[in-house]
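Below, chain A partners chain B and then partners chain C, in two separate complexes.
Here is the complex of A and B:
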């Protein structure tokens, strides 16, 4: 089966644990965690093989939420898929919308108005704030801090969702981006409430960090747990905060410079050890940078049209060709690959799901760790099953 | 990054005899791609990853495309009517989008094609080169039916193991797993009538 004579996968980098099982050490236990398990963040299943409490093998099982999003989108018009992208990563519908709109704009050659570019950056960074806040809450929940951190996170998330609701009409399923701009223009009052939220967010983060960052239990549960080497992270296509926590400073906002990101000053925090604590800390630091971007964007946002009324939405028929386009979503690289044959619906529509691809190295991170730690490691990967299974 | 044509020449310089051709993208994005022959695809992929000027160490996206058999009509002055019809055989295509984290460039689009859509659907797996292909090639196997030789764990990933067909193919037909529910809509009633054909009417009983 190996035509090239290359080494098989077992010799790739990554820990290899050989379990001893004889009369003295006993048998291995195969445990099926999920799909109905509170720690798996949805209908995700891990088939874990345990030697005592140590994980010696872990196979993820997907597909419980599969509805073949790509096939549905290939039967719909270009605009008709926009609300469906909300349902991929349902915490971050604004960035999903943006990534899809950007792909279609590149395919059809549509220009975006300047005000819309600013609004997109504002909404993407607000989405990053709410995603990372929730992730920190869920991670602590997985570690056993039942309730309190998650409720603090949800309190702040609700303030951002209020902003989304007043702008788009929906808290989570925003369906807000259009090809060439955005659907509704934010009013001056909306921008003022966004400024007020951004000004208060730093104080919330200070409070949150005072509770968590130096917390002894959090440190004991996460430091040195689930290490990921930078070489394996790059080879396995890990993106987003997980890649940066492994010590690779790769941020698509900087590398590709899509939208108006080159206009803003921000830093890319990276981790030193690649463990679960770094993945928590990188997200906290990213939120602080997002606050900086939001301040700049809300200060500089120009007046003007949000969407050219002549920009074609319905009945869009891009010229035949293909495009792969990606943005830095809160969970990693969310990309869309579209092939047009000149018809009203895409010939091929593909979502590059960061949640699924970040799970490639779940087994490598969990091998040799205890079963309780594998729950925390999975929490730090930050998955949403709507996107993993599509 | 070098142009796709330069990268093609770079591969041919190191791997003489490899089949590498340029596939132009007529669209506005102009992301041209390299079509690799299956025989040398693994060596070419290793070269793309390890070459000092390219270092495409990050395989971002792997996906399949189904191209069923189609008929094209071409101008031919000798034929009656001035046109002749030609059948283009169908094939399955796997598309890889490569980036370089080390050098910050990309994407390079790489494609491989199967010989047909039925019995010659095996292509070399690139998972030994880029680990990120592991789940994505499983997905292409599951939804398109491309068999990846050398993949460490080639199983269905989204559909269940007992599932037979490949749903992302263009000629996939949904199974008739329809259940009747009471509804006044005409098209649903029509579908119900087709699904449960009326039993043959019994012959009239003879009069006693």
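Here is the complex of A and C:
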């Protein structure tokens, strides 16, 4: 069923090569951008065919960071794969951990303590703040504002990473979630510093938006650029802020209601045009909603155990079966599919990476745009190559 | 840079320190040159994986790599002195890393940042992961960690600066490395034998 109630994709024009070969237009130029290119967010390569400056064909080439995550996980114990999930989307280790823990909890039938559910929501929303702030910085970097917005973003990122570090011991690779709860209990002082950060974050967003949102250059570079139709977004399986920027109100926090998200009041921002500016704006608005969720969660967090000491971590042998879990990561639907044959390690382990699936429509968004804009469009997709190639 | 055996100094360090106390700087062209070179290392803007984020963080406000003269990240290998291999090098990516290294002008240096670049790290058992970039590129400094904190990268940079200050001027030994080919089953060749040899395991008698 078409969830958005939109006309089918077949009615839309597909990608076409529109170049004209005559003495006025000249030849097409095939350009290989990447895998070493400052604007491809890591080791991503696009083979772009250009007519002058206009993109007429774009072929993404993946696999330069294929680290065999899934194959390694099939040989590792269930707990042993947790640190590898940190390195999938290395900006958002907490949400990756959560999604994986959720999959194993469902497979093994483990319950999660109430305090742990709150802590998970807090950490996931902090991760969302971190990811979206950095994304805006990188997007502007791609647009040519080298340095300043990224400096602001990383200043805030360091504050959030301080929280992660004092809780989990690591800045980026937190390895914090456990099956049935979390690894360490946040102290009252930690919760107070999280409250202080959340209280100050709105002010930072005001500052950031004053710098960026109304900026004439940003608007000129992003408005009407890289439009994504809601039909195509739904058909291609695009999720996350990109789907919502295209005008489809689909947020797994609302749809599935996993964790304790139904307890919190928040809105789901939706874009109108599906262009790069909407994708930027949806993320800014999502951060404002995240601040609201964080306020509620930090206010209501109950006392209690964070992890049942009897919950089995090592040597876990779930009964045979299969499970798919998904959560709304900052980049989209991050899901884990596990098949257990009753052994100590999963028979099949598969990640649904939001970045990779959001990237598949890159060509459709870039056709007819200039080569400089295709870099900004790629920036607005928000890819992390650790997750794309796994 | 060739490193001949140091001759006995004409002026001892104590005498130089005494002169400096009187406001006189006695130095050599070599030292002056190395001092300047060590404080203007331009790294290549080249991110591979997770460690690249910490490399960016090192260049941002809190850690501020500019304090050590290395904030000028150049996107082109032609303008860079330092290759920071920041992350997992896969077999598909390894030929490009070696080619980028070959494109950099002499004198050039390489920091292997993170467990993956040093040895393959947590992904060592992966079929597509190169078990250490030192199999193809001469590495000057190894910065361990997964990922290393920005402070660790800065420490590696300071160690590199010390190494540069210890070098002497001369014709640099050409360090063009043969580029491996991404073949059907593995890289071809799997290592550069001039740079890396597998460790020889010696079994004790009677063990």
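To be clear about the criterion, the second predicted complex is superposed on the first by the 374 of 390 C-alpha atoms of A that agree within 3 Å, B and C clash if a C-alpha of one lies under 4 Å from a C-alpha of the other, contacts with A are read in each partner's own complex, and residues count from 1 in each chain.
Everything below uses one rule, namely that a residue touches a chain if its C-beta (ideal position, glycine included) is under 8 Å from a C-beta of that chain, and two chains touch if they have at least 3 such contacts.
Keep in mind that what you see is a predicted model, and the values were worked out from it rather than measured.
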Partner chain(s) touched by A:150 [first = chain B, second = chain C, both, neither]: second
Partner chain(s) touched by A:87 [first = chain B, second = chain C, both, neither]: second
Which superposed partner A:172 touches (first chain B, second chain C, both, neither): second
Partner chain(s) touched by A:386 [first = chain B, second = chain C, both, neither]: second
Touching partner for A:66 - first (chain B), second (chain C), both, neither: both
Which superposed partner A:128 touches (first chain B, second chain C, both, neither): neither
First, second, both or neither for A:38, with chain B first and chain C second: second
First (chain B), second (chain C), both or neither touched by A:322: first
Set intersection of chain A contacts, chain C complex versus chain B complex: 63, 66, 68, 71
Footprint of chain B on chain A - complex, ascending: 1-4, 6-10, 12, 62-63, 66, 68, 70-71, 106-109, 232, 234-239, 248, 250, 255, 318-326, 333, 335, 337, 339-340, 347-348, 350, 352, 356-357, 359-361, 389-390
Residues of chain C that touch chain A when the two form their complex: 45-50, 52-54, 56-57, 60-62, 75, 87-88, 90, 92-93, 96, 100, 122-123, 125-129, 146-147, 149
Of all residues in chain B, those that touch chain A in their complex: 25-31, 39, 42-43, 46, 57-61, 63, 65, 95, 97, 101, 104, 107, 109, 124, 127-128, 130-132, 134-136, 143, 149-150, 152, 156-160, 167-168, 172
Residue ranges of chain A in contact with chain C within the complex: 35-38, 42-43, 63-69, 71-72, 75, 83-84, 87, 90-91, 150-151, 154-155, 157-158, 171-173, 385-386
